[in-house]
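Notes to accompany the following structure.
We call the chains A, B, C and D, going by the order they appear; numbering starts again at 1 in every chain.
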Amino acid sequence: MSHPKLGELRQEINGLNEQILKLVQERARVVVEIGRLKRELGLDGFDPLREEEMLRDLTTKELAPLSAADVKTIFKSIFRAALEIQDRERERQLRVSRRDLVPAHGIRVGNVAVGAGGGPALFVGPCSVETADQIDTIAEFVARLPGTKVLRAGAFKPRTSPYAFQGLRVDGLKLLRAAADRYGLATVTEVLDTSTLDVVASHSDMLQVGARNMYNTELLKAIGRSGKPVLLKRGFMATLEELLLSAEYILNEGNDAVVLCERGIRTFERATRNTLDISAVPLLKQATSLPVIVDLSHALGRTDIMLPCARAAIAAGGDGLMMEIHNAPDRALSDGMQQMTLDECARLVAALGLGHAKSAPEGVA
Amino acid sequence: MSHPKLGELRQEINGLNEQILKLVQERARVVVEIGRLKRELGLDGFDPLREEEMLRDLTTKELAPLSAADVKTIFKSIFRAALEIQDRERERQLRVSRRDLVPAHGIRVGNVAVGAGGGPALFVGPCSVETADQIDTIAEFVARLPGTKVLRAGAFKPRTSPYAFQGLRVDGLKLLRAAADRYGLATVTEVLDTSTLDVVASHSDMLQVGARNMYNTELLKAIGRSGKPVLLKRGFMATLEELLLSAEYILNEGNDAVVLCERGIRTFERATRNTLDISAVPLLKQATSLPVIVDLSHALGRTDIMLPCARAAIAAGGDGLMMEIHNAPDRALSDGMQQMTLDECARLVAALGLGHAKSAPEGVA
Amino acid sequence: MSHPKLGELRQEINGLNEQILKLVQERARVVVEIGRLKRELGLDGFDPLREEEMLRDLTTKELAPLSAADVKTIFKSIFRAALEIQDRERERQLRVSRRDLVPAHGIRVGNVAVGAGGGPALFVGPCSVETADQIDTIAEFVARLPGTKVLRAGAFKPRTSPYAFQGLRVDGLKLLRAAADRYGLATVTEVLDTSTLDVVASHSDMLQVGARNMYNTELLKAIGRSGKPVLLKRGFMATLEELLLSAEYILNEGNDAVVLCERGIRTFERATRNTLDISAVPLLKQATSLPVIVDLSHALGRTDIMLPCARAAIAAGGDGLMMEIHNAPDRALSDGMQQMTLDECARLVAALGLGHAKSAPEGVA
Amino acid sequence: MSHPKLGELRQEINGLNEQILKLVQERARVVVEIGRLKRELGLDGFDPLREEEMLRDLTTKELAPLSAADVKTIFKSIFRAALEIQDRERERQLRVSRRDLVPAHGIRVGNVAVGAGGGPALFVGPCSVETADQIDTIAEFVARLPGTKVLRAGAFKPRTSPYAFQGLRVDGLKLLRAAADRYGLATVTEVLDTSTLDVVASHSDMLQVGARNMYNTELLKAIGRSGKPVLLKRGFMATLEELLLSAEYILNEGNDAVVLCERGIRTFERATRNTLDISAVPLLKQATSLPVIVDLSHALGRTDIMLPCARAAIAAGGDGLMMEIHNAPDRALSDGMQQMTLDECARLVAALGLGHAKSAPEGVA
């Protein structure tokens, strides 16, 4: 590899590299200055017309051994590099990338705190609020679980078919609130739309943005303005970058109390309802300081592998687990197959080493 | 294959089949009667608790050579068959499955009709309304295209990042309306949320539900109540069944003026922005009488294969094409790369044999 | 937008652009010279160690306002641009990209020619050779179809389960050859492995590489050396770039007689067996001059939308169609559901306007 | 819900259920007898023609309130249930489903045992054997790792492009063997084709079937006959069922020494090279007693989240980890970006609590 001519040519490249570096530095200085000026003038940083003009200018010159296409490629990559610097700059400035988003005591949800360390938080409850008895039985059970827990249950349900059970809506909110209050629990429930945001926010400690609403930017903005803690689920076909930008919509309105939730993505594999993207957990933790939890029920759609997957979620760094439970899953009005029984849930929590559920008061399941 | 014993056993099976058939017929008669009674009583048809009970009853008997699991499998398949009969019944009753949804003269959108035969309708315009001049230039061009056309342009934009151009919103609606009126065009524009539905509906002839909002059931219901014609895009992660049920949300509120739009699905292939699912066109046409169009720009994300794909969309039975055009795509504030120039669009329309654009008035591009 | 200071800064950028251009041109000249020298010395063009060294050198200098990371980004993009020039160069040199691969009279397959224009070629036949009668009946039918046709049928079958029908293997090859010869047909059949390549090649006019073997580089190379015409199917998980590089494996061994076949990709949608990627047709036609056909049976897995999809495939520029047919699909030993009856096939071919099947000799179905 | 008429009708259903059950039991007895007879006669169990005939018979009768389609649906589900019983029977009989496949001391690979408990086995080494020095340095490092380890490295490489580095082939096998022997290590390397199986098998302790060859049934059968231990990777677009059936091809030839490997599936997400399907681990462990390992390098394609994902793989029940390492990843001839340095690997193994690497002999990195 040490042919002398090769050595000479490489020296020449080194010299040219240095000269190019100096000019690119100089160019970057001017670009930064232009950016600053444009911000002062209230103009957008990116100006494709201006790029087009520069490329037209450059390609009217003598270009050999490069072709016009080559010059465009190279300069577009210089422009792109400059834009990437700006983008990375902006990304560093993305609120979601800040390392100090979560206060030392965690994100407050009702009377508990999420994301402050101290073991995974449990977001547990039925798919839907169905009856006063059902939600009471389940709330009573959740209250006895060890550690940090939030009672989850749907009142407004986003169902594929208009003829499927759509949730008890405001009645469901009331039942959920009452049951939670009886046992001293914090709650999370889904909000579907800006028009029902206020009523949901007034009954629940935390708002859930479901997977189908992750791209609903108007809702995200309104939730941002509401100031309520949010559980933001990843869309089942959304990239992690898109999830982070959806969070940014909320943060940008002044609301940092966001918990991110991986809940499986849609793939070709049918052994599970979705495919749990476990690498999302460390990737999100790396990209943001917001807490990251895993919704095992929607990711898996089956309860028989819940325990090993829960272990994996925690091992990967997850700050919490979401799991659907039901006192009688076979009878559930929605998603029966993926809901655990209360016993199964108690056993799973014990197997995870999170402690044992407190014994039930007499006469309770 | 003609072993005598085998023949005897098969005769036995035939006899048993007949007896089972008689009983299943009898059972179906009773199930139908129960269904009728439950509808009268206002009860839901499906009752998992009841199934559970029947299965428990059945599996307490002597089962050999079957196991309890086998009996459950068989009876669940009998139950399922019964439910499938009911489901098919209900599906036949799904409004979206009706063959008479579209009046003979098509779905009226402003001053044109879509889905009445007579060549594919063109939904053409820029990604976003940007300036009065831009939308005027483009509207003037669209008006000269042959056949049925609708001017499309975004005013409320659902962007991944909160810092990307969010559309001119109400100002954009006004500019779009003004330009369309100047050239006698019908318009379609996206509606993002129930809170802005009224203002969009009052400025545009047709409402567009974007791919990210296909699951937004609250919006679908509100649009159904609005009575305005709708262009409903398939979510990029949505099955066809889900798309049809989203349409059902709108129809169920009394609004049949729905046009379905295939716009590509998210797959692993990166040569195109999404993967155009061409088989969606005949499958949807088979499942519903609503018109079906293809959004080539979002499916492909590139303009160089627009013509063969447009031909394929029409050959597959598509009732229309959606295409993004821009008078200066390089300068576009959004989605520059996938927008055609006006000239490219004119050439494509001519190559499709839809006729030639009328010549422009003097001095126009 | 015409602030005077902005104008000045832009002039400065223009000057810097010019100087950078000159240096990058000079650098490209030297890189080209190095490439030439390395080829003479038999060295690989890409040397990551050398890039690493250059980057280390560059980042030891004073870099403000750039960071070390910025400089790496910019120079990596300059390196990448240089490599892209070389890659595009190499790609232009990829044999598969040549515009003259197919002789004017097309690729000869037995007594017919594929890809010479003159209407789509039909690759038609049963999934598997099953019996002498079955393949004879079907061959007799195929011979009466209008236009260019090739009899397809599997003898060596790549089945998911070891207990599923694995094909008649060499016996199947003989039955296929005999039936084809009786009716003067060319044949194509799948080859699974280098060890059976010779026997397949000696009985069939064309070799098929199935979707599951598209990445089988040893097989591709051996087929390249065999010189036989090849039907190369896209893997159901393969990008178009990967398909083209698989073709390159064959071409690189001196065999240009390759027909590419889109056969659907695996996605989340379950209405079809796979998702027909119609944009693959124009994209492949753009990338290579090899003929491109569409396997409708495997893409769709259902026969009811075969006709509109066949129309789409032809409209998109396809050079041929592959379709599975069977004289008694319900009884087929493999893939019964996706095979058309002979009557359905005859009607489809007529509806496509490819002409009508010649009437059968007396007494034939 | 306790309407009296409803109660009566339900009693009637109960009675009919019982009668149907008796007949289905009787029918099952006869089906089992037919199956037994057919096995004796060497006939296939499934006979679609016979089903067709039964359905034709049944639908010629009076069917109200059922339609012919309904009867077909119901009886097909009865047939299907019967077939499912047989299938589950056969599946229970699938060798891969047996709980006793792995001897108590695990699967022997050279001088180590995999899958016998006692901590995850490490399959570690470079993507490709490149030089004697490179593989020696790495082997020396691997030998010092704690616990069970196997040296992995490619000699025959399945590359997408014919112009990419194809591996040192037989020379690579020899270098790998020599390095492994020097440090007392067991080896695994990929086999691409039946034609090179013998030479690979004679140089390596374990054969690897790569993701692109998982469907290569001829290769699987030949490997089954070879009797060598196998590392079978899941195809990146393969379902778990398909992976298990590929393993069955090997087992069916009398070779039970199979280790399964999850290595990520191809999805839309691009933050990782593939998407690690963590639920595959418990699902495979549930379906088979074969050991299951996770290839982190190919699943992730990046090293920065290797540790949390390794923890997740072990927490989910994985029997081992595969990781690519290189003494100088930047210089690697293939897959440089996803290979860890030796230091990174040592730190990761320590962080996993598998113990610390033994200190290197003097003068070694």
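Please note the rule applied: a residue touches a chain if its C-beta (ideal position, glycine included) is under 8 Å from a C-beta of that chain, and two chains touch if they have at least 3 such contacts.
From a predicted model like this one, the values you see are computed outputs, not experimental measurements.
Colleague: Among all other chains, pick the one whose mean CA position is farthest from the mean CA position of subunit B.
Modeller: Farthest from subunit B by mean C-alpha position: D.
Colleague: Could you work out how far the Cα centre of subunit C sits from that of subunit D, in whole Å?
Modeller: Spacing between the chain centres: roughly 28 Å.
Colleague: Subunit A to subunit C: how many Å between their CA centres?
Modeller: The mean C-alpha positions of subunit A and subunit C differ by 38 Å.
Colleague: Determine the centre-to-centre distance between subunit A and subunit D, using the mean Cα coordinates as centres, and give it in whole Å.
Modeller: About 31 Å separates the centre of subunit A from that of subunit D.
Colleague: Could you say which residues in subunit A touch two or more other chains, in rising order?
Modeller: Only 237, 241, 266-268 qualify.
Colleague: How are the chains arranged in terms of who touches whom: line, ring, star, complete or other?
Modeller: Looks like everything touches everything, fully connected.
Colleague: Spell out the residues on subunit C that touch subunit A in their complex, using ranges where they run on.
Modeller: So the residues of subunit C touching subunit A come out as 1, 3, 5-6, 9-10, 12-14, 16-21, 23-34, 37-38, 41, 43, 50, 54, 57-58, 61, 63-66, 70-71, 73-75, 77-78, 80-81, 84-85, 266-268.
Colleague: Using the touch definition up top, name the residues of subunit B that touch subunit A in the complex.
Modeller: Within the complex, subunit B contacts subunit A at residues 48-49, 52, 90, 158-163, 165-166, 192-196, 212-213, 215-219, 221, 235-237, 241-242, 245, 248-249, 252, 266, 328, 330-332, 336.
Colleague: What part of subunit C is in contact with subunit B in the complex they form?
Modeller: Touch list, subunit C to subunit B: 237, 239-241, 265, 267-272, 275-283, 285-286, 299-300, 304-305, 308-309, 311-317.
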